[in-house]
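Pasting the structures in now, so scroll down.
The two complexes that follow have chain A in common; it is paired with chain B in the first and with chain C in the second.
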Partner chain A sequence: MSEFRPTLRPALGSKQPVASATFGLSTLPEGTIIHVLARPGEQDVAHLLASLNGSDPHALRPVSPDQWFIVRDAAMPNQEMKGLFAALEPRASGVDQSHGRVRIRIEGKMAQRALSKGTALDLDSSAFPVGQSAVTLIGHIAAHITRVSSDAFEIIVLRGFAESLWDDLTRMGLEFS
Partner chain B sequence: MASLVPCPNCGRRPKEEFTIKGAALSRPGADADSENWFDYVYLRDNPRGAYEEYWHHTSGCRRWLVVMRDTLTHEVAACRDATDGSRSERRK
Partner chain C sequence: MSSYRLPNLGLVSRDTPVSFTFDGKPMQGLQGDTLASALLANGRMLVGRSFKYHRPRGILTAGAAEPNALVTIGHGGRTEPNTRATMQELYEGLEAQSQNRWPSLDFDLGALNGILSPFLGAGFYYKTFMWPAPLWEKLYEPIIRKAAGLGKASYEADPDAYEKSWAHCDLLVIGAGPTGLAAALTAGRAGARVILLDEGSLPGGSLLFETAMIDGKAAAQFARDTSDELRSMPNVRFMMRTTAFGWYDGNVFGAVERVQKHVREPVPSLPVERLWRIATKKALLASGAEERPLVFGGNDRPGVMMASAMRAYLNRYGVAPGRATAIFTTNDSGYTLARDLEAAGVDVAAIVDSRPAAGVDYRGKARLIREAVVCGVTGRKAISAIEVHRGDRTESIAVDALAMAGGFDPIIHLACHRGGRPVWSAEKTAFLAPGSLNGLEVAGGAAATSGLAACLGEGIAQAQAALEGVGLRCPPMDLPKVEGDDAAYSSNPLWSIPGVKDKAFIDFQNDVHLKDIGLAVREGYGHVELAKRYTTTGMATDQGKLSNVNAIGLIAKARGVSPAEVGTTTFRPFYTPVSFGALTGAHAGHHFQPVRKSPLHDWAKKHGAVFVETGLWYRSAWFPKSGERSWRESVEREVLNVRKNAGLCDVSMLGKIELSGSDAAEFLNRVYCNAFLKLPVGKARYGLMLREDGFIYDDGTTSRLAENRFFMTTTTAYAAGVMNHLEFCAQVLWPELDVRLASVTDQWAQMAVAGPKARMILQKIVDDDISDAAFPFLAAKEVSLFGGALHGCLFRISFSGELAYEIAVPAGYGESVADALLDAGKDHGIMPYGVETLSVLRIEKGHVTHNEINGTVVPADLGFGKMVSATKLDFIGKAMLQREGLAASGRPQLVGVVPIDPKHSFRSGSHILAKGAEATLENDEGYVTSSAYSPHVGSTIALALVHNGQSRHGEEVLVWSGLHGESTPARLCHPVFFDPQNERLHV
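So, the complex of A and B:
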């Protein structure tokens, strides 16, 4: 048997958070991300999701028509996830993406300005208010962006792209750091 | 080329977020003769003007869209989700 043992470590574990008066960049806990896909023709699956989610702090983020992310800071126990997936059927299916995607928080007065350097998405709060989500490109990397407060955004990115995106975001914020 | 595409799901987005498949044509029936299939697979009119194409919003909603654009002026006249209007309707 090989001596090699893969170790699970946070994708952005080696990165130093950025915290200045107007620009901040930090990693979020690698807790739970579940991708939910509704079956074609199903109506009101968002309501079903809201009712299933229980009381643990979580967020339901629209991804695209009939698709959502369920996001939690804490890891979801296997049994609970199995139960959730079973409850979604047959109207929708859940896929565990907790180890496949990483969350990054970008905040501060200049966060919107910095993020706008990388995406064509209109981030003005009139077009992209608190609670709104969108999938778009940041540079060449596809990412899911949510405005979580007037001066803060949460970004969900595929794990393999997380370091690269982090470095890009750091560079985009350099003039404000 | 149209540089801002009005995705019905996402709003106006730059063309870099999309992948273009090509002309949106009616697919021949499975039992159509080889001449029809040859035409469908290989022959294109390449018009100067209005053109209907399949675009995939790869870095957005990941939905297939039908974009109607003008190859001369780059204007986009319409953009709809490819599932609007049933597939059987589009079949000859």
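So, the complex of A and C:
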């Protein structure tokens, strides 16, 4: 079946984006998410990661001490990813999570208010500025939040919970939609 | 004679009438009314019946402490019983019903209880209904509950939405009265993040009925202007109709916002209530004070009202309490009311002052009776006169309303939610909040400060101090200038009143009166906690807001000690009742709990799968085909097809963990009881993980994909637990090891392809050679698919006992690959199968799951004794596994069970009894852990844990289910029912 070409089924493919003057909810491309785990005691891995230049622009999201997500909109070819993993070793390991995690964008003037219905994080820009990331619960679902601009957040969630989280976020934004 | 609306006073909107009904009778109020003020404006004094004696009750307060005016609002799913009429804003079409009366509020047969009241004092039930004991639940309690009670909840589903939210701030100000407004303004102008909340519909608190002028403006106008300024500040969040109900660790406050409780038809996009959790650096409790009732005979009759409430109805709502009013006071605040009533043209018949002299110079028309008390009233459903006791004389004065002003008790409930106890102040004659509260300060009336100027000043000062505590500087604030302020007042508490004959109520809502407290003390229940439970004072839904201090004062008097010695009961959340809807929030119906979907969920759905909930996962249980009449029929077909051709099963929900690092192999060697250090690259191995106590924790396969990279699978149920366990081991037990753990459960769509034709089918999509020689049993490696279009991992492992593989592909491609496999296998008879078939196949092979790994078994119990490494230096569970009891005779051991007669069956959970033994639990020798109908054996087969089971194969036993009344003769056997030599695995 070498002629067969498998097709990607996005986890949130059936969901319609929400867009109003003050609240927006949309899916982000299921491109690349690489989980980077530094060797215990390793220093300056963040610096190493920041210096990596792939074929497409990427962003770095802190996950926990010595762990990061490399995210980018485009899918990374298998060979390129293997090359990246090799480049990280032995200082760090890379684990492909491109399909295990789904990215959602929530934006607008009321995005912060809507998210506060689910997360205990203080999302005020003074406490959670652009570029800040945190792992938190949104309602009952664990998620990773990054402020990507003054009025926009990126949420990374386990693929299996993506639909439930989307439904929850839609409900949270109902009054602003 | 009754209460009535005055022509031109108050903050209500005179040109906006609002229609509503009370007990079905149409009435009209004004916009800005509460239900209570509207009822009073309509002359409705009698609004409810008391809990125990069914006494007629009127409106006592104008706020949250109301114990009497409890009504049922709405109908159908929106029925809300026990709504305080004093807190319910009036809206067009509001339907209110009185409660606890039959057949009507005016004629209530339950009032017969009043005749029996001499027999119904405190402790009556405990003393009377002791014997015979069984009748308590069957007879006494149902009758008592029917006779006494509050409103009834609806059986219909609530159609409205609720939600929860978090908020964060530098300063939380609780209460938007003069103190709170001044504090919030100070902090807001300083640029702090401020949240100001208040349970009322309008900000201002007492300013809304205050007659003093502030900065040359009416007090209510000052409140409006201040709140307008606060609302204009982006750093201030103003939350009205919001009650802070609890103070919790971390300086987190719970609050409930009544978003749409004041509208007839809630907007669907908004919740009706929202539960807030507010995390703040500092908090200021500016909740004011509650006026203390006076305990005289008939103090609960309609027409008797708290003096401050009477002032609120007069000045805020423009409602006069009656045509002729008396004021019974122990302090100067009564004179302020007298002044306002007279200014509004309401006749004040008398001021009865318990003191020899007042602190104010009263020059009104009312008759002033000093050193006197009101000891009783005349009238049942409305008062017609008061009995005034002075010296040894008692006189009757005709009035239709009576205000009682017994002093003020600071509202300090929240300040005591974290363990602090109120402290009695002899100087203030009130209980005050404990000192040194971490993160919370108390100000204004809540700190027993009286006088408007003093409260405003305290609000400013406390806000400045709080902000300095978090490193923020406040610009100077001018103290507003107050004209007509009341002088600071104080009063000696008047616990007991001479000449009382009728019932004098302490706890209005629970019908606890003066004699009950005396009885409790005499019978040895004088400790405040005992007296509370013996009399039920303070135990109603108002939690004793009006009654607690009087009860304590009377206990103190009866015991001859100070209130300080009696102390208070423990204050706990909630300050006022919070609906279950608010506590539940949005987590109801569709949003009750998240659904975790496999990447193959929709693929299974399109093939007609019936799903079963497994934790949060939805797993495909079986795939019915047309013409099949039962699930058993579908499952038998699937089982037979796997053994004959091939089947495809979604196993994506198995936990998957990727381990990397130079010490990953050593790490695995320590967490599994069997050896992993030398597992070759490209190989999978079954592993048993023990707990520290030696019992089995979880099992699964782990494959070595590269020298320093492993792929572990766990059971579905224990995926998160195993991940946590491994993280603990890595971070706490062996931080010196270089091992990194990543959960990849959701990354992979994993499919079991099982059956004799599995290889033929898989080879069509896998580019690598997977012949038995190239890819033998327990091989594992990354493979290329569809000519390099995709990469995945292939494992030759089998839970079914057949030639089988598990293939993992990136989740987003799962459905496409599953489609391709079905297409590749269509000529080989491939069919999807679900977890029911998976279960039959594994029971036939004697494979265990958490049905057998039930927390009470060690490896040897399941026949895995030889797997436990004898040579490893250490592994988790090694030491405790050596305990002699874990190798002793009588251990539960895994066996197979079959019925003697194949036509007979039995269930999982049934007990195993020795043949001929009596069917009792004492004779239990184990139980059936898993059972299924095996189409290959032709009967029910089962796995069981039976005492010494491994040496009892062939023994006849009885399988007994006492719950179902079933007994089935059966035989113990080897737990592998199919292909015991495992020949089919290696083809």
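Assume the second predicted complex is superposed on the first by the 166 of 177 C-alpha atoms of A that agree within 3 Å, B and C clash if a C-alpha of one lies under 4 Å from a C-alpha of the other, contacts with A are read in each partner's own complex, and residues count from 1 in each chain.
Note that contacts are C-beta pairs under 8 Å (C-beta built on N, C-alpha and C of every residue); 3 or more make two chains touch, one makes a residue touch a chain.
The shown structure was predicted, so the numbers you read here are calculated from the model rather than taken from an experiment.
Enquirer: Tell me which of chain B and chain C touches more residues of chain A.
Expert: In the superposed model, C touches more residues of chain A.
Enquirer: Which of the two partners, first being chain B and second being chain C, lies in contact with A:Ala134: first, second, both, or neither?
Expert: After superposition on chain A, A:Ala134 lies in contact with chain B alone.
Enquirer: A:Arg105 contacts which: chain B (first), chain C (second), both, neither?
Expert: neither
Enquirer: Let me test your reading of the model: by the given contact rule, A:Arg72 touches which partner, first (chain B), second (chain C), both or neither?
Expert: In the superposition, A:Arg72 contacts neither chain B nor chain C.
Enquirer: A:Lys15 contacts which: chain B (first), chain C (second), both, neither?
Expert: neither
Enquirer: On the A-aligned overlay, A:Ser64 touches which partner chain: chain B = first, chain C = second, or both, or neither?
Expert: first
Enquirer: Output check: A:Arg91 vs chain B and chain C. Expected answer is one of first, second, both, neither. What do you get?
Expert: A:Arg91 sits against neither chain B nor chain C.
Enquirer: Going by the contact definition given at the top, which residues of chain A touch chain B in one complex and chain C in the other?
Expert: 120-122
Enquirer: Of all residues in chain B, which touch chain A in the complex?
Expert: Listed in rising order, the residues are 9-11, 13-14, 16-17, 58-63, 81.
Enquirer: Residue numbers of chain A touching chain C in their complex, please.
Expert: Touch residues, chain A against chain C: 1-11, 30, 35, 37-40, 78, 90, 93, 95-101, 113, 116-117, 119-122, 124, 126-127, 139-141, 158-161, 163-165, 167-168, 171-172, 174-175, 177.
Enquirer: Touching chain A in the complex: which residues of chain C?
Expert: Per the stated touch rule, the residues are 163-168, 193, 269-270, 277, 279, 586-587, 590-591, 593-599, 602, 617, 653, 658, 660-662, 709, 735, 737-738, 740-748, 764-765, 767, 785-787, 789-791, 809-817, 820, 823-824.
Enquirer: Within their complex, state which residues of chain A touch chain B.
Expert: 63-65, 120-122, 134-137, 142
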